[in-house]
Each structure stands twice: as structure tokens, then as C-alpha cells.
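Here's the structure, in C-alpha cells; my notes come after.
Labels run A, B, C and D following the written order; every chain starts at residue 1.
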Amino acid sequence: MDKQFITRGVQRCSTGKFLSWMLPWAVLLAFGLLSAGLCLIKGLNQTNMDNRFAFGLWIFLDLTVIALGAGAFFTGFLLYILKVKELRAVINSAVVIGLVCYSGAVCVLAVDVGQPLRAWFTFWYPNVHSMLTEVTFCISCYLTVLMIEYLPIVLKNRQLREVPSFLLFEHELHKLVYVLAGVGTFLSFFHQGSLGGLYGVLRGRPFAFREGLAVWPSTFFLFILSAAAVGPSFILLTTWLVEKISRKRLVRPEVFRLLGRISGLLLAVYTLAKSVDTLIWINRTSPESGFAAWQYYSWKPFGTWILFAEIVLFGLLPALILLTPRLRLHTGWLVSAAALACFGVALNRFVMTVQTLALPTLSFDPFLSYFPSWQEVGTFLAVVAYGVLVYSFSFRYFNLFPEERELKLQMAAQEEEAALAGRY
Amino acid sequence: MKRYGMSIDLDRCNGCGACMVACAVENNIPATPENSNDRKGITWIRVYKIDNKEQFPDRRSAFVPVLCQQCGHETPCVHVCPQQAVDVDPATGIVGQMPERCLGCRYCMAACPYHARYFNWWDPKWPAGMEKALNPDVAPRMRGVVEKCNFCHGRWHAAKERAAIAGKREIDPADYVPACVEACPTGALRFGDLNDPAVEVARDAKTPESFRLLEKLGTEPKIYYRSEREWVREIANAPRPGKENVRG
Amino acid sequence: MTTTRRNLFQFLGGGAVGALITPAPWRLITDTAIWSENWPGIPKPARGEIRTRFTHCSLCTAGCAMRARCVGQQPVSLAGVKTHPVSRGALCPWGIAAHHLPYHPRRLRQNPWQEAAAAVSAALSGGGRMAVLDLRPGRTASWSYRRALAALPKGVYLAPQQPGFAVDLASARTVLSFGAPLLDRWGTPGNVFAARRNFRLIQAEPVETRTAALADEWLAIRPGSESALAAWLAGELPLLEAAARTGIEEGRIAALGKALSENGPALILDRDLTSSAMALNKRFKGTLVARREAPVPESWKKAAPVSDIAAVPDRSLNVLVIDESVPGEYIPWPAIEPKLAGNAVVVAFAWTREGYGRHARYTLPAALFPEALDDIPGAIDSVAATFRLSTPLVAANGPVADPVAFVTKLAGLDAGNALRERADAIHKAGRGSLITYADSKSTAVKDLKAEDFWKGLNEGGCWMEDAVRTPLPYGRGSDKSSPIAEPDASMPLEIVVAESPVGPLCSPLLSKLYRESNLRQPVSRIVLSPFDAQAAHIKDGGAAVLETGRGRFAVLAAVDPGVPPGVVQVAIPILAGRGKVVAA
Amino acid sequence: MGWIGFPHVIYKSRPQPVDFSHKIHADKAGTKCEDCHSFRDDGTYAGAPTLDKCSSCHAAAMGDSAAEKNFIDRYVTPGKEPQWVSYARQPENVFFSHATHVKLGGLKCEQCHGAVGSSATLRPVEEDRVGGYSRDVWARGTMDDCVACHRQRHQENSCLDCHK
């Protein structure tokens, strides 16, 4: 019955099927909202965080999803600023993913602070030296940008565009899109960086502390790079997933390969930079603050393997795969490499947040362990569920993949040809 | 310009905990629920029991009171606070925390290498009637904010007011002593202006046995420890994982 | 006109924009933030004039002088008083938070005075034998008990054994302590720490307690072999054998003997101040002095004698009144129970049901510091006789019953004025002087009127005799050391008391802080060496059962290589002895 | 219309126990504020005077005003402290030293309290429904007001100068 809302020329599953897909996620979301509500009403004693593990699962989640959501700004940047036309095929999807990741992260942050009612203090009495201020400003601004970017996608909906003023509005917005992309890119570069700075500036935590250029520690730039690198990978991954789940072809294989190539290129650069940074840190930064770098890795379970995994297994390896044209031709290699890259960035964020806090700083400190409470996990899942719901909804009613329609026609044509060929 | 600091004689501290109790009484620290532990509870000054990691009979123990070290340079918590809830008073060198400005992001706690900052995980609650015994010079904090030692600022205010009524701008040093120092029965804790060479504390800071925790971080803490015992002085340095520490 | 959906949208949109230019939303935001400051449930501390009042802490016999900072009448913090010659401005953590005690959630709330009184007089009507167990003898209250019991036909006054001497730390140069917790709530903290700088402390103790950790020398003596070391010092055991038994190198033992005899005056102490080790003081001219008590009125002298619980014939007591209103040496129930006749009436005066209340038929709520007016007997380390009151700082929070009134009423004696009578007696004797803290003056009693003397005492003054050191005649305690006990196999482990327990009678803040800092060993935890833990198949932090002569206790076991093999470290003094640990 | 209605929405009005006239007392009883609003020895500020201060004059009626009679009957005779409501009560977390501002800063009471001293009657205190502050604090005693003055006089160091 909701057919008239679905984009012309593309085919979507029946309403019932759609709802039955949405239902479990909705339930998950409800559970997540419950646990988040508990944390808001009863306070953060509901979590397993404590004075020594002041940050936990949630910060890790924020850093990760924002890194993955970077696809939105970076694709936009490539498409509108560097004029890489092929990417038009995925830009809408990228915007939705970005929106989901960022709004999700912001919501979790609101739960994570002890006094959400005072969140606005950061805007009213900002401390310009704090990386967190930078993060808060940029993320909230960029979120608005994303929403504006999301609007045209919504307004292009078959029914909504019937309203003339909406159509007009959408048209006007479209002229803006280059500006938006520019602003978005600028903001994103900044907060991706300041998220990295978040830990890089912690002089009191030599495991995370890094020297850097000007006011920014090296992690500032590493985070930008890594985010830019995995952004395309994540889009590649999601698009592929959607294709598999919806059993449709949404973009041309060239686009996949292009995304892969971009991702691989940046990943290689990132891996190089990361290695150099690590060497400097081991040989200068850390010893200067009185901490021998080897000792970080002698606290089990965080052995040197984690460093290896971060740089080689989830950095160099996927980079090489993605940069090898022959391997890029196989979707299997492409997708698994992208997955590796995404996992790599998650691991990096994990190390920066969780491992930093687990390692002792005072000589009489014990090594600390932390396991999130179900309320924390619930809130985490809420973000995932929320993401899936919004994306599925957008995928059903909005035109996320402009090429989908012609790809469909092509296939139909091919089948006809095949049929004709079969006749003679 | 004053630079208030403290010197702690680890060869005198017998770990009785009088400083912790006096601090909690002075600063209206609530009695947290039973399930609070050494990682969720609040105590602005915490006395750690440390040992030389040897076995019997070579085992030797010592007690280390750890409070906010009042870092004087690149103060880690000040720079990270997104909304200026933490500041260093140029007149006293005291690192102040404003619970009413704090939004509870806990970034400062991640930044502090001494774990001297504490978060209010619960609503503050006192046994019925005990709120009558609260100190009027210190405002109780609400749930969801960070707090820490500020060298008993309530007493600093009282001292200034006592000076003001006498028309003086400078306080009488005898009027301003933090609760923990006043309470220490062994005289292990001393307090005073490090800029005043005549003061005991300033002299303590110069002795060869005196040291500061994690001095190499370059944050210029204003709490000086001293001990004749070599192995105790080792705690100034970064941790070295011994086999009993290495666990998952 | 008909309102279309568009009109509605326009109206709402316009309204929203319009609201933004009114102060309403901004004011609301600010207000919510302010509301988050006076969050519901955050108490507002009472404001008012700050007054200073003085009293003495009655939580232990140290009786440290206290300066209370009060808002109006309500004390909000306590501190020591430098001018008090014994406590010298020091307080222990228990004392510092003592003003919270009246609000302790575990306080008794019912007062079954009538029932208890009725039951007692019923039990006595048939000429029954009544005893009072006084956990803190030497108080004026104790005298009142003894007077009342003397008046009663078969009254018995029971109290824990008190050493007949005082310890003069100030004049000691070498102190050998057999596990006496000298630096951990022993004697008067202020006095000990002041004297500490002048003597060399040698701690002979199996485990490294707080005192051992700060001693000049710690002799890690083999558990249970203290008597062997004492025997050598008494010249009754050859050096080689002493070394073999104690596990301490001959050299160090010899050096110890040398130090005691050459670097005198010496002082030998042990945990309970009774064992034969104390007799060594005679040999080494230890600085023990005769204990002196503040004068009492002549009329009081015909009082019941202090008798030891062990001396009471079994099943002979029909009524037992236990006064644990002030903490003192706890006599284990197993030592008391056999003395009770069938259906004996046991009345306990306590602040909580967790002490003797568990065994008593009636537990009456006693006032506790700083609600109760009481005097404090001299501490073990106060050389001169002293008399000081713990003057109440707050009115009793809830119903309270006065044990002295309860007992004296039975004997038809009025001791309501006993403290005043005692004060007058002291004044009559005319010795010593009154130290007042507000003006930190010391006035000779001669120069005071009885009225002013009494007033001064009630304003937190302290009477002290001019220090006269009467050396101890060394009558009691044989100077022969007891035979060295052979350990029995059924109880393989020596139970060593390494901590003074936190105990129930403390501010909720204190228990919170100890819990959250792991600074003191909780009563419910024992510590074992890895060796013994392995032998008993107990893991670090695992549940275990401690079997002792006093019964079995479910505990949590901690494993620590700092503890010697053959030792189980506990925080409950009454458990000292031998025991066995099995996995639960 | 909104401008008139709004205050009633956000403030609830708390009347004073006694209809007290600063004006009359300023003329008759004492000339200076300190005569009744005094400092204690330790420098703390005593605030509104206690009943004994009032009853030292008003043991019996001095005039024939209804207000005074009412006051004597309701408070002096039964010896009951009138529960004055403070106009300028700062929140719990604020440390304000009258001694510092008056003795060292040389401020006049009027600078913060306005012309209370010459008011003929006590208007009710308007208390913010959500935040609980008095309207006078919003008008004259917000942190911004303090900061502005401190800036002028270069008396700003840290938050904990004025917060506790």
C-alpha cells in the first residue's frame, strides 16, 4: 500500500516483509532506549565505569562510528571538490551513513556525561584549549550540515516532490551543495583530528601522549588520515551488504573498485605515517616522560601483538590488497580488505581509549580491567539498531543509489537479448 | 604570589587514615552505598599501602597518602576541561574544581596521572540526621560531577574573612591549614607556601630525600614526598610490571 | 476562511520563531542548569555562628582532648587540642569523626527499661546473685556500680583485668615490643608519637604490622616463639636454642640483649601487658611506674571489690548487667555464659545489638559519645593521675537509658551526683592543677574554688596531678618465664592479630573510607602465605573457614607472600591463639 | 501583556512575616545598617538581626501602629524568631564575604542591595519557581554582575575565590 512512496522504476519488497525486517531492530532500539533511560534517571552508577576507568565502551563507540562515518564527508569532498563523478553513485548512501553515525554518537555522548542539562555550558563558556570543546563544536555543526544534506534526499521522495514549494526548496538547496560539501569537509577534518587530539594531548598518560605540530599532537593528523582511509571502505562494505540483503545490484563494479583504490591509497599513507609516529613515540616521546615504551606491552593481555595487528594486519595488509589491481577485480578480496581496514580503525580507537586507561601510571597502581554493564551495552546496541532502522527506511523510500534504476533496466535488456539470442 | 604546597614524610606515616577521615568531614563527602569500592568511592586524599614486592621476611611496607598534586605547569586537567570548570589560582597556585560548572564528561579524570579526581556516581546521601553535621563552609556536590582536593578552600575563605574583618589583605598562615594536615597525628603532613623559604615545607622540598611523583611528566606537582628508604623513593618513577602484576 | 494544513504549519513555525525572541526559552535553559545545582535531595548545611567547644573523647581510655567546631550548638568537626599535655593535639581517625556517632543507622531505637527493671527485681526477689560487668573500670560510673553492688546482698562487680602499672614512654630509650601495636591506636596516640622520637623501637612480631613497618628494627620472630626470646632475655635459655626457636640470627638476638641492658632506660611491652614477658622489665629496669588514680570521696571506699570473671563460680549469677556503653576490652561470651544460672536475666546497655546484645534478654539503648556525660580513666601511658570529663556536645538522638541509674536504683543508691562529688574530692585533696583549653592556661587546684573547678571541668578542662613517678614495686607477675608451649597438630596455624579492627562503633564515613581504600584489613578477611593457601587449596580472594578455639568463622582469604608460612593474619583480637583454615 | 504575565509564571511570591519599615528604624533606632546587620568576631556576617535585638526596644509597644502590635503579639511575647525571607540569598555554592567587600573593598550596602534602607515597607520576596533564586538576585546579584565589578577592579583570580 506504500507503493506510491517508493522511487519510480526501482522495486522494493512487500510492506509486510519490510516491517518484519524492521521489527527486531525496533525491539533492540527499545531495549537500548530503556538502558539509556536508566543511566539518565538513576545516574552513571548504572555503568561499570569508575574513577579509574572514567571512559569506557561509549567513548570507544563514539570514536569508532565517527571514524567510519567519515565516508560521508570524504566522498562529498571527492565528488564536489575534486570532481570524481563516479562517486555520485554512492553519495546519497554515504550521507545517510554519516548522518546515522554522527547523530548516534551525539546521543551516546549526551548519555555519557553526568549532567546532560549543562551540555550547553560548553558553548557558553568554552575553553578554547580543550580538544573536547573543538570536538563538541565541530560535531554539532557538522551534524546540522549533514541534516541539510539529508533534506534534498528526503524531498526527492516521489510524493513529497509533488508539493511545489518543497521541490523549489530542494532545487535551491542543491545549488548550496558545493558550499555544504566544503564546510562539511572543513569541519570534519577538524573534529576527526580533535578526536585524535583528545588522547594525544594527555601529558599525564604517556601511553597516549604524542608530540605534534603547533597545538595539535600527531594523533590529530593520524586520525584524519585513518578516518579518510576507512570512510570509503565502510561505504564499500555497507553498499555490498545492502546489495546482498536486498538481492539487487545498486552500483557498477567500477565504483566498488574506485572506492577500494582510494581507500587503499590513503590506508598505505596512514600506515606509513603511523609507523613513523610509533617509532618517534617509542624512542623519544615516551622515554622523555620517564616511561620505557616496552613496559606498556608487558602488561597482559596487551602484548606487542596489538601493535602488530594495528599496523600490519589491519593496516598494511588491506592496503596492499586494495592497491593490487588484480585482487581488486574480485569482490571477495575487495570486501574482506575493506572489512579489515574498518576493523583496523576500530582497533586503533580501542587502543587509544581503553588500553590507555587500563595501563597503570603510578608505580603502585595495578593493571586495571573493565567490563561494560548491560546498560552500557544496551545503549551501544541502540545506536546500531537506530542506524539500521534509519538506513533501511531511507533505502526503501528514498533514492540512495541513483544508478540502481538504469542497472535494473540494463539487466532487463540483457535478459531480453539473451531471450532473443535463444530464439534464433 | 603564593605557591601553596605540601610535604609528606613517608617514614612517619603509619597509614591510620586520619587524614582521609578529616578530609571527608571537612569537605562534606557523603557516605556512599555499600557496593562502592576503591574505584567508585570518593576520598580526596587516599592513603595507599605499598610494599617492596619482596617475600617474607624481606617484605617491607609503607603508606603513601595521595591527594591532588596541584600541578603547577601544563596542569593536565585544566587544559582538557571543555568549559573552564577547572582553573589554577594565580594567587595561590591551587588547582580549583568547580562542581557547579562541571558537566561530568570525566575527561579530566582520564587526564590525571595521579587518579586524584573523583566522580559522583551516586546522589549524595547521608544517614538520617547526619546532614546536621555538615560543614557550612563547603557546598555539597550533586550527582554526576567531578570533585577533588583544593587544599580545603573553605578554610582559605574563613582565613581571608578573618583577615578582612581586621582590615588586613594578607592572611595569618596559622589560620590556614588543610584538614588533613591538622589531623595527622604523626606529623607526617606539612603545609605552607613554597615561595617562602622560611617555611618548613619549602625547606623539606629541598632535602635530598625528597621527591615528587612522576616528576618526569613535567607537570611540576606541589606535593613533595620524602623517605630515607631507597625502595620507597622508587615510587617517584614509572611502574615496572612485576610478575604478580602481570595479569589480564 | 477555512484553515488549511499550510495555515497550521505557518502558525506553528511563526510561533516557534516568535518564542525565540522572548526571554522564555533562554530563561528556561538557565533555570534547568541552576536546578541541576540544587538537585533534589542535596542537603543544605545549616548556617549560623561558629562556636568552639571543648570536650574529651571517651571512645577509648586515651581520652584525647577535643576541640569541637560547632554551628550554633551542633558540632560539625572535631580536632585535637595541642595544649593537652598527654594527647598533644593528636586524634585517631575514630575520634575525628566521632560527632557522627549519634546518627549511626544501626543504633538501638527501643528502650524496654520497664520490662528489664521488672525482670531484674523479680530475679533478685528470691535472693538471687547479681553481677555487673563493666567493660571500662576505673570510671566514676564504675565506682557507683561498686557502691551499689556493695549495698546489694550478693552483688558482684566484674571487669576486665587492668594492669596495675602505667608505662612511662617518655623516659624510655630502648623499647622492645612483643607485638604490642605501639604505633596503631596504642595508649594515647599523641603521647606515643611525641615520645617515639626519643626511643629506639624494636618490634618482635611474626608479621609486618603497621608498628613493625615503622619500627627501627623488626625482628620477624617465628610465631609462638616470643616466650623463647623472653626466656633468653631472662637468662633461662641458651642463645643457640633461642635462635633456633625464634628463627632470628644469634647476632641480632645478642645485639638486642646488649641494646636493652646498655642503651637504657629500657622498656619491654607485649600485646596484652599481662604475660610473663612484662616481668623482664624488672630485669632491665623497665620504665614502668605505679598506676595512680584520681582521689575519690572517703565515703566511696566501702565498695564491692573488682573480681575477675574466671573467679565467679559456674551457674551462680541470676542477674547480669553488662555496661558496654563505652567501648572497652571485650570479654568473649563463652567465658561469661557458664557463669549464668538457668533463666538468668541478662541486661546489656549498648548502642547497637551487635555486641552482647546478641545474647542478652534485654538490650537497652545507651547514650554514646558525644551525648553522654562520663569521665575517662587514665590511659596506660599516662604517668600522672588525671581526671577529665567527656562533656556532651549534642542531645541524645533517640531514646537512651542510663546503666548507672538502672543499677543504683536497685540498691536504692543515688549516684546522680557522683561526678560532682568526685570533683569535690579531688579539689579537697588540693593536688595537681586544672588545664583549660579555651585560654590554654594551667591553674593549681589550690587557687580554685570548688565551684570554678567543677565549672572548668565541664567546659572541657582536664585535671592532672603534678607528675610524680613512683617506680613500680614489681610485686605482680613472676620473673620466671612460662614454659614454652609446644604447638598441637590439630591447629597448625598461629593466629596473629595484625590490625586493630575497624569495629562497628565508628562513623559511617570511616567505614566507607576504609572500605574504599583497602587501608585496613576487614574483620571478615584473613591473610595467608601462598604456601599455606596452597596446602588448604584456597585461592586469593576465595571463601574459607577459620577454625579456632573460639569457634568457626566464615571468612574471605587473601594470599600474600609477605605473610610467613604457618601464620594466619586476622583483625579480630579475641581470636589470638592457634587455628586452622579450610576451604569453604 | 506577556511582559506583565511572565513574572507571575516564573516567580512565586513569599511574603515577609512582619511588615517592617527600614525607613522608620533608620530615622529612630539607628542610622547605620551595621547597627542591626552586624559582623561577628570571626568576620562572618550575621544577616538579619535575631529577636532579642528587636525586643531590646520592642519589649512593649513603642508606637501605636498595627504592624508593631502584631509583631509583639506574634513574636516578641511568645519569644518566637520571625522567619525573615532573604532578598539577596546567594545559592549554596557561593561564598560571599561581606567583610571583604565592605571593609576592604569599601562598598556601600546600597551598591548591591539597592535602597532597602529607606523602604517604608517589606515587599514580598519573589522566588524563582525552578531555580529557587530570589528575583533580586536575578536583578542585581547574578554571577555576571559580580564578575563585571571584579573585572573593573582587577579582583578576579579563580572560580574558588567566590565559590565553595
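Annotations for the structure displayed:
Please note the rule applied: a residue touches a chain if its C-beta (ideal position, glycine included) is under 8 Å from a C-beta of that chain, and two chains touch if they have at least 3 such contacts.
Quick caveat: nothing in here was measured; it's all calculated off a predicted structure.
Using mean Cα coordinates as chain centres, the one most removed from chain B is A. More inter-chain C-beta contacts link the pair B-C than the other of B-C and C-D.
Averaged Cα coordinates give chain B a centre that lies 29 Å from the centre of chain C. Between the CA-based centres of chain C and chain D the separation comes to 49 Å, rounded to the whole angstrom. Centre-to-centre separation between chain A and chain C, using Cα means, comes to 62 Å. Separation between the centroids of chain A and chain B, computed from CA atoms only, is 41 Å. Within chain B, the positions touching two or more other chains are listed as 37, 40-42, 48, 100-101, 123, 138-140, 142-143. Shared contact sites, meaning residues of chain A that touch two or more other chains, fall at 115, 118, 121. Under the contact definition stated at the top, the residues of chain D that touch 2 or more other chains are 42, 44, 92-93. Applying the touch definition to all chain combinations yields A-B, A-C, B-C, B-D, C-D. Chain B makes touch with chain D in their complex at residues 85, 87-92, 94, 96, 98-101, 137-140, 150, 153-154, 156-158, 160-167, 169. The touching residues of chain D, when paired with chain C in their complex, are 2, 6, 10, 40, 42, 44, 46, 91-93, 128, 130-133.
The touching residues of chain A, counted against chain C in their complex, run 115, 117-118, 120-121.
Touching chain A in their complex are the following residues of chain B: 37, 39-42, 48, 50, 64, 66, 74, 76, 79-84, 101-107, 109-115, 117-123, 142-146, 213-219, 234-241, 245-248.
Put simply, chain B touches chain C in their complex at residues 11-12, 14-18, 20-22, 24-26, 28-29, 31-32, 36-38, 40-43, 46-49, 51, 54-57, 59-63, 100, 123-136, 138-143, 179, 182-183, 185-187.
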